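In the part that follows, the structures are each spelled out as structure tokens.
Paired with subunit B in one complex and with subunit C in the other, subunit A is shared by the two complexes that follow.
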Partner chain A sequence: MRNLKRILILLIVGLMVGAASVTRATLSAAVVKVPDPTKVVMIVDRDSNDIAFMDIASKKIVGRTFLGNNVNPHMVMMSPDGRYVVTGGTRANKAYIIDAKTLELVKVIPVDIAPEHLAFSPDSRWYYQGNPEGDSISVIDMLSLTKIKSIPGLVEPLNTVFLPDGSKAYVGNYGAHWVGVIDVRRHELLKKIQVADVPGVAKLDPDKYLGEIKGINIPQITNDGRYLYATDTDLGVVAKIDPREDKVDKIIRVGKEPWRPYMSHDGKYLITPNNGDQTISIVDLRTDKVAATLEAGENMTGVNFAAGKAFVISSTSGFVYVYDMNSLRPAGRMKIGTNIQLETATTDTKDEKLYLADSTENAVVVIDAKTQQFEKIMNVGLYPWGTHIMDSKDNYCH
Partner chain B sequence: MVRSRLAAVIAMLLLTASFAAAQNSTVSGRVANAQGGVIANAEATLRALPPPGAPPMPNMPNMPNMPAAMERTATAGADGAFTFANVAPGDYVLYVDASGFERTSQTITVGNQAQNLMITLTPLIVPGAEEGAAAAAGVADTQLLLDRIKQLEARITDLESEAVLSEPETRVKRIEVYVDQNNNVHDQPVEGAKQQVTYQRERVYRRQTINEKIEEALAAAEDQAVKIGVDATTVAQGAGRTTGVGPNKKAYALASADLFFAAKLAQYTSFFADVVALSGAPPDREIPSLTLLNGYTARLVNQNELNLREAWLRTEFFGQRLGITAGRLDLTNYFDRNAFSNDETTQFISDALVNNQMLGLAVNGTGVVADYDPKNAFNFKVGFQQSNPDATSLSDSIYSLAEVGYTATPFSLPEGHYRLWYRNNNGSVDSKHAVGVSLDQKLSPFVGLFGRYGQQQIPGDWDRYWSTGVSFAKAMVFNPLDTWGIGYAQMDLAAGDKEHLTEGYYNFQLTERLRLSFMLQHVLDRQSDKFGYLLPGLRLQAAF
Partner chain C sequence: MLAAAVTAAAQDPRSHTRLNPRGTRVTESQAETLTLTLGKAEVRLLQTWVRTAGTIDKTGKVLSGRVAGPEAALVKVGQRVRAFPPSSKSSMYQAYVTRVTPTPSGIAMEVTLAASGRANTTLYVLEVVVEQGPYLVVPNEAIIEEGDKHIVYVQQDGEYVAKEVHTGIQGELYTQVLEGLQADTPVVTFGSFFIDAEHKLKGTGLNQ
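Moving on, here comes the complex of A and B:
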């Protein structure tokens, strides 16, 4: 009896040890440089052709992935599962996939012409790389790390947004006045949604309407995933799109030449920076009406939200304009520098700090949203074009 | 009894084990390079694909019922071999990573039979990288060259698709360094070194298209050039008498052309000049109303002559919060800037609906304005200007103005601007002091309300003025950029003269540079004589 018990115990222990030895998690062969991908700011350096990783706590560059000369990476993004960091090399016509922990370049995938902005499906399976000059989106399977398809028929696709259920993706066409709807299951263009009519007076103004087109930058999704809002720069409108029926629900007229919508983190408002008249329009999403139009700066490239305020980046003036999102009134202006060019910023997940790319100074500006004080982290790479933090609500590019 | 239970348990365990063994199998493989050389420490990952009919997006955020994707990892040993034991049947993606090599991946179907795979990795070559990772992995030089040729061929294809300038750019940058007593330069602060600004060339690898280069050069040239603008307007008005005596059924026209010059002189310092020429006969020559019926008349000094209307320098201090403008000015451009009734070129044509009549500024003159705008809700302005062309010295006929402005969003309405101003005049005029308020408040995104009030002190009494009206934009219009409005203004002078003026206008924005407006005014004056006029009008404006 005792022997049988011993045999049984030994058998079970042996099975457990064997199973553990077979299925044990293995450490990567390479050195782990970023143990927790949520703790770094990714910086895309256009001229040094690399992605720099800055530790949020120490503000030190903990790693850098060189992509190759003349790659000119444009936008960086981490996959939602935190496994990969990807970027499109605008002048190399390639997509670059980096291991998020070891920071090793694991794959270089040829895509279409001038890849810029990109998006991930919510399950991290599909990486959509927009190619504005190729008028296409390259679909990359993140399981096999291969380009499985190219979606043609778009017109300068600038930004793509997935629905939360991953069933459809919406593409802003900057070279047209319609939003493209992509069936993610088949990776095909399903539908074109025209955001607004071109006014009849346009025929009197061929220079404006035929010379150059500034259409739709991005269809931005609401926090609840129920609607999308897309600006049309030429037409000066925001279109509210119902994704259930893929139709325009409402058209909201905002300031002149709105760049794109930015959603406030509480889901109450969206802001459009209007570069045509140097104002911002704050749209109340409960009423779908412009709640305030306030003076802003020139060449605005982004809006971030933190500490109950909106921070509007005026690229060439070197200012960040601040607005109180409770009173909807101006709340000051921060002078970041003289003769500098600011790009875009990301906000940390606590909504406390902004990380703003300061391209001409090769710096990232860390802004404390509450005090409106800032600190410059120099030598992050040459010409930092944008920043990204995993799970930030303000991850965007320009 | 106990023995029989134990035996049953053992039998069940063995049965389960044997059943499981019959269901699952082993996936193994060996990782090597193209020449067959073993690659040690490669990481192999086996990831289960969702079964047919499964939701298309597993592992989705906010959907906890969906299982995380099944994934197992194994590291190849020194012989390049790896093994996954006890793999359930199904479809999997097997991918293998190794430092210095491109990832390989393949879909495999696992059944009951064990599988042994041969994995070949291709070296990953990063153009421009100082070290070829593949070389470090010991791949033969020939293979590297072949791979390089392949890569170059791909690059030529890319270049064919787009003409680009491939040479590295050099760019001069402003940098801050620390220079010690021996003139040694340090990048970081060191003891005894002073912080200095210098300039240094930097080599960057931004490949630009020829178009981008040309656009950049044109923009730089434009930035340095003197900018010239033109605002040419023709206003035609008719006048029909509605009451009293005076000219009747008359037509009037006034043509105006402004030439603007602007240039950047230094950091935050700019120059602006406006030269204007007017020609024609406005109704104000014949109709003796208290206020001008054509706001352009204020600019008319001499017919068919060029006049310098404005010429000033502006510079900014303290983080560009404080601006100082000095030269020949029009102070009404800085004070009482009502959003809906402050521009005779696109809004109301009546001067009573362009400026607060109690500001008392008749003509432009030499002056200075300081405006402090911290870009919060408040802003402050002070300024003075000589408003008498016959003044013999700068100290004569000086109008001093101060204003406090506030931006508000009251009662959940859109933005509104509220101003309070005070004026003092040292000239030999009756009115020494005046005070006024001005507001423009949006009632909705499309409708704006405006109002003004002002009063000036004259010996023993006050002259009073007020105006109000509504303005419409973006809605209830023919074209999206059209605007229209209705306004009313009233003057009550201490001397007993009174004026009621009403105006409506519609402004068509035909193109970016061309506007056409229709106006209808009615003025009723009670001076020594009582008279009233109805004035339909048309305004054509080209601005570019």
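Moving on, here comes the complex of A and C:
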């Protein structure tokens, strides 16, 4: 009788433990919304204040992380190790850290004024959040998920690029004509690299040069990590910077008001969209000379590369201009819509499709690079501002 | 007489003047100067990146590589790989492990790139991202090696106290803790070296 009682108790306990394990397993499975972070497109929805996650294969939204009212996220990025998704809330002056698998908002960190663009160190350790209105970069430690430092002394820092070894970072100051060099070990501004001579005031057009400065958007790194190329919008030049000496090696004149450089995936060329004269300049990186200057559209916000072509987004015209990167000739233009506003795009890791944010239609436009056909995925969120795919070679913002 | 001499020689003349503190006190301003950062011992996914070299085939999409030693057992089909030629180290190619074949010294593997690789480049660095599973971990830099011992500094009642831990797998950013810490214990990460130096200035004893 006593033995029977023991067996019964053991059975009940066993059943309870088993049931608990099943529940736990079911719960863990339920909370993982993105099992493979490489298989989703992240969409920054500026006005619905969220990050939407769209499955690349099914083109369905599989999850959404709401950040809070009046946050206005600007740019989204996944850490290279695939653990976290981060964004800066421009109106909230905060950085947001999201678990890449469960899509839970795990930390909100106050930063400086109007955070916009951001970058990760190659080892995923440091998240540099640029604050253009605060003239600073907030340094966030991704191990403790805390802000450990603020790097002051910058002027409207727009974009940061890390060297492949993570030792230094280079900051484009849109409100100045110099690139800031950051020592990543100490998170301190080491040096200011003036990209070109600023003409004397007497020679200038006062309306243009005594107004707001439009300087450097980003010092873009070459594929081999050997040089950086930075455009200066006011000066109309591209400066080639040698990071070994932190000096300007060469200056290349391009079209009027170049926005920023975009590197082709094969590393042969860079393209600057020149909004001052509605052209693009294609610079040959072997000779550091302009290989072609081609007509383009108005208000260009980005360039993507896929299927041997370059796709240049003309934000307010509703067109995407296409160029053959072998012949360096125009290859037509795609009309995405009328009275719409296009923002920026990312390219998939197969170099086959582009995912373009169409803010006024609350859509993402999926462009097949080979056929130049496209499909609009509607209702992705309010005012999609940008897109991001892990490991894409075209992850940028505007 | 001899015994007394040995005892005297064994004594550290400075030891009686040193304090033997229970912990090291660091003020808020000192902590800020040191950019002292606290993390937590917690259960997290531990990643190890297995690195090897690979050569690309004629299709320009499939890489072959070998892994020897204990790391070979970690490589499985379906794992994400970061691939890049040494001449293109700032432009990474996404890839996956598509075949694993045992060899006498370890494994041979095939890795397939998502897109075509870089033109005229045959050699690649392969970083296989191995997710080892959830373990109790602390950040790598929280651990200070002292001979055979592994020390972390934990925060207790506003003080920083050295604790010896027994460690397991060391990942890219985190190290598994087998013994010595409980989950949610605050540990010093960035700045632990300075705490350790301060601790050694005042006293050498571990407080456990």
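The criterion applied here is as follows: the second predicted complex is superposed on the first by the 363 of 398 C-alpha atoms of A that agree within 3 Å, B and C clash if a C-alpha of one lies under 4 Å from a C-alpha of the other, contacts with A are read in each partner's own complex, and residues count from 1 in each chain.
Keep this in mind: a residue touches a chain if its C-beta (ideal position, glycine included) is under 8 Å from a C-beta of that chain, and two chains touch if they have at least 3 such contacts.
On a predicted model such as this, the values are computed, not experimentally measured, just so you know.
K.L.:
Superpose on subunit A as described above, then tell me if subunit B and subunit C fit or clash.
P.N.:
Pair status: clash.
K.L.:
State whether A:351 touches subunit B only (first), subunit C only (second), both chains, or neither.
P.N.:
Only subunit C is touched by A:351; subunit B is not.
K.L.:
Which chain, subunit B or subunit C, ends up touching more residues of subunit A in the combined arrangement?
P.N.:
B
K.L.:
Could you look at A:245 and tell me whether it touches subunit B, subunit C, both or neither (first, second, both, neither)?
P.N.:
neither
K.L.:
Have a look at where A:393 lands relative to subunit B and subunit C in the superposition and call it first, second, both or neither.
P.N.:
second
K.L.:
Which holds for A:146: it touches subunit B only (first), subunit C only (second), both, or neither?
P.N.:
both
K.L.:
Touching A:223, do we find subunit B (first), subunit C (second), both, or neither?
P.N.:
Only subunit C is touched by A:223; subunit B is not.
K.L.:
Look at A:81 in the shared chain and tell me whether it touches subunit B only, subunit C only, both, or neither; answer first, second, both or neither.
P.N.:
Both partners.
K.L.:
Quick one: classify A:164 as touching subunit B (first), subunit C (second), both or neither.
P.N.:
Touch status of A:164: both partners.
K.L.:
I'd like to know which partner A:267 touches here: subunit B for first, subunit C for second, both or neither.
P.N.:
Only subunit C is touched by A:267; subunit B is not.
K.L.:
May I ask you to decide whether A:72 touches subunit B, subunit C, both, or neither, giving the answer as first, second, both or neither?
P.N.:
So A:72 only meets subunit B here.
K.L.:
Given 38-46, 182-190, 434-442 or 470-478, which part of subunit B has C-alpha atoms clashing with subunit C after the fit on chain A?
P.N.:
Stretch 38-46 of subunit B has C-alpha atoms clashing with subunit C.
K.L.:
Need the overlap of the two footprints on subunit A, from subunit B and from subunit C, as residue ranges.
P.N.:
80-81, 123-125, 143-144, 146, 164
K.L.:
What residues of subunit A sit close enough to touch subunit B in their complex?
P.N.:
Touch list, subunit A to subunit B: 1, 4-5, 8, 11, 15, 19, 22-23, 25-30, 46-49, 66-72, 80-81, 91-93, 97, 99, 104-108, 110, 113-114, 121-125, 133, 143-146, 164-167, 184-185, 199-201, 204-205, 207-208, 235-236, 252-253, 289-295, 319, 321-322, 327-333, 335, 338-339, 360, 382-383.
K.L.:
What part of subunit C is in contact with subunit A in the complex they form?
P.N.:
Subunit C reaches subunit A through residues 35, 37-40, 45, 47, 80, 82, 87-94, 114-116, 118-119, 129, 139, 141, 172-174, 189-190.
K.L.:
Of all residues in subunit B, which touch subunit A in the complex?
P.N.:
Per the stated touch rule, the residues are 2-3, 6, 9-10, 13, 17, 41-43, 47, 49, 56-62, 72-75, 83-86, 93, 95, 97-99, 102-103, 105-107, 124, 126-129, 154, 158, 161-162, 164, 166, 168, 173-174, 202, 204-207, 267, 319-321, 374-377, 407-409, 412, 414-415, 442, 444-445, 474-475, 479-481, 509-512, 514.
K.L.:
Going by the contact rule at the top, pick out the subunit A residues touching subunit C in the complex.
P.N.:
Against subunit C, subunit A makes touches at 36, 38, 80-83, 123-125, 141, 143-144, 146, 148-149, 163-164, 187, 221-225, 263, 265-267, 348-352, 390-391, 393.
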